[in-house]
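Each of the two complexes below includes subunit A, the first together with subunit B, the second together with subunit C.
And now, the complex of A and B:
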């Protein structure tokens, strides 16, 4: 029942998105705009500043992810459908898992666009030299960001100032994710690529993911009924 | 913990329940019991605490004090399976406007572990929306959405039916249809709790009334033919 419920929530979100394209288009448009603006500011005479590529990639992921979190849960607020979801006869953590999977899919799609764009605009094609390590960093960082973000966005769905509160609550907690993502990606961009450092940061991200996914699954039900 | 299939009950007991939101007290020491076949009207002015009570009965919030028992058991003991026996229709209709009527019903049927066919066809027929099954809910009138939401809330044949201001924005015909449906549900053994401040709608429909004001239960008694006078005598006298 747990995974079936999670799958149903994910399938429903995809069906809604397939009709409106609202969240996908705004997220991707914002992510690309973010990278383009930084490219205009930080690329001079065809050369990017220092480790800018790694920082810009993770800023674009986290900013567009924050926008997507807000929009995804706005949909559940509009007709109070979150309450109907909470009435499903399944562990309520399954709803969290379904929403988390939707966010992971959305940010995964954004990253498919962002990584080549950042590599192109910031002359950072070296990040493709270790594709598995890059995928590990992106996966670990995205899971960590979405695990915390999905929990907070669900908690704030009925709060009047949710758009302001979400980044205020979210960013202090996901700073380790962003630091690990940036430092790990920068290690891949160094010449030669610093594999041990990248692997170390993937380990940090994995530990963060395990802790925060467990905490979110554990606290989702009491937080949503209090 | 009982399995989903085995969860059933024929009484709901609210035992000395209080609910606070920060320092604000929404419900204070409320106790009452509803049995199978009851249509219990939770009546009171706006802000009396009716919706908070409905929310707690639906397991969407927990009491700050006291407990709610379903057939003598706590929600914690009955587990998520309890929710297979609870149906909620609130003023907000709990429908996805982007999805069609059929997609909405299919999603909520599957969420409750039910086979969608022929259930959703019957529900669409009952809502009078069989010919609009594939239209987006956003294109429906308020009355059509309300009828669809009613079927959505009853798809899983709940024992405890919680309706919070279900008549808002409906014409007389739609109100009559919902009232008839509530009577049939109660006759078939459901426990129906109807929260409303609209006494005209409740008159002749509810067989018991629980009168609430400022979070306190002022009366729990059989409904009398002059419901408005009964209401004024208790709520107006306080």
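And now, the complex of A and C:
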């Protein structure tokens, strides 16, 4: 029942998205614009300064993620469909899980574009020398970001000035996740790749993911009750 | 709690007057000298902040699951008190760092996460102020997540390579420094409780006033 509901929510979101591709295209475009802005800020003599590539990658992921979070829930607000979802006789946590999986798929797609782009533009192909560790860092960071982001975006649907409040509430809490992602990726970029450090940061990310997903599943139900 | 207010206020007043005298009498630390004495106020303000965060997180959980307005007022008050003591820590810390490290700020694990914690609880105040109806639940979520991140801050300094003094310094203090230190901790805790009570009471009055307005308009 739980996973079936989550799967149905995910399938519904994908079906709606597949009609217009609105969120996917705007998110991907915005992610690339982020990379460009930071490229101008952090490139000196044609090369990125220090570990800038790792930072740029994670900034682009979190900024475009915030944009996508806002958009996906805006869609649920237009026709009060979120209320309909909440009225459905299904576990609330399953609705959250479905929404979370949708966000993970979307950000995963953005990362598929962003990682090669950053590696190409900033001579950071050393990231790919340990593909498993890179995948671990990306997965851990994305799950942590989306777990908190989906919860906050859902609960802000009914709030006033929700566009401003989402980043204000989200960033202070997920910055530890971003720090872990950036430091871990930077460890992979050093020559030779610093595997123990990257593995340590994957551990930190996993700890955050466990805490955040548990809390989000636990508090989603009372938070969405009017 | 109302009855305890007077005695707590007097006791906190006396202790906060006595604290500077005790700090002044404490011996100088051998390497850092005078600047080290800021530690008697810096560490207690973080202790007070962590306690306020604990109160805020606990009250937020009660409010979220039981829908209890009183717990909400406590969470609101504790969130604001936490921001206040965090601000004291963030002001006293750089004053010490300027002398000890030569810079006002270091992007060190503990400093960074302490700043994040402060921002988290400021965001809780912002969402209450601008979130419109229902924002108490949102602030409760912020309080709970803020509480969940706090242990990482406390452990950060011990796990990650950091230039901030370790938390293990505190139990190894010699008695001549330990006594004024724990005295200051007690004084700050009392101050925290006092501020919390004043703020909760203010919230209660506010709620009563809002109800009167509504009754008058009807």
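By definition in this document, the second predicted complex is superposed on the first by the 223 of 226 C-alpha atoms of A that agree within 3 Å, B and C clash if a C-alpha of one lies under 4 Å from a C-alpha of the other, contacts with A are read in each partner's own complex, and residues count from 1 in each chain.
The rule is short, and it goes like this: a residue touches a chain if its C-beta (ideal position, glycine included) is under 8 Å from a C-beta of that chain, and two chains touch if they have at least 3 such contacts.
Fair warning: this is a prediction, and the values are worked out from it, not measured in the lab.
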item	value
Room on subunit A for both subunit B and subunit C (clash or fit)	fit
Subunit B versus subunit C as contact partner of A:159, first or second or both or neither	second
Which superposed partner A:42 touches (first subunit B, second subunit C, both, neither)	neither
First (subunit B), second (subunit C), both or neither touched by A:109	neither
Computed vertex angle (subunit A) for partners subunit B and subunit C, CA, steps of 10°	90
Contacts of A:126 with subunit B and subunit C, given as first, second, both or neither	neither
Subunit B versus subunit C as contact partner of A:179, first or second or both or neither	second
Smallest separation of CA atoms, subunit C relative to subunit B, angstrom	6
Footprint overlap on subunit A, where subunit B in one structure and subunit C in the other make contact	226
In the complex with subunit A, residue positions of subunit B that touch it	4, 58-62, 80-84, 86, 88, 90, 92-99, 103, 107-108, 110-113, 136, 152
Residue numbers on subunit A that touch subunit B, as the complex places them	1, 4-5, 8, 12, 15-16, 19-20, 75, 78-81, 83-92, 225-226
Contacting residues of subunit A [partner subunit C, same complex]	148, 151-152, 155-156, 158-161, 164-165, 168-169, 171-173, 175-176, 179, 208, 211-212, 215, 219, 222-223, 226
Residue numbers on subunit C that touch subunit A, as the complex places them	64-65, 112-113, 116-117, 119-120, 123, 126-127, 130-135, 137-138, 140-142, 144-146, 148-149, 152
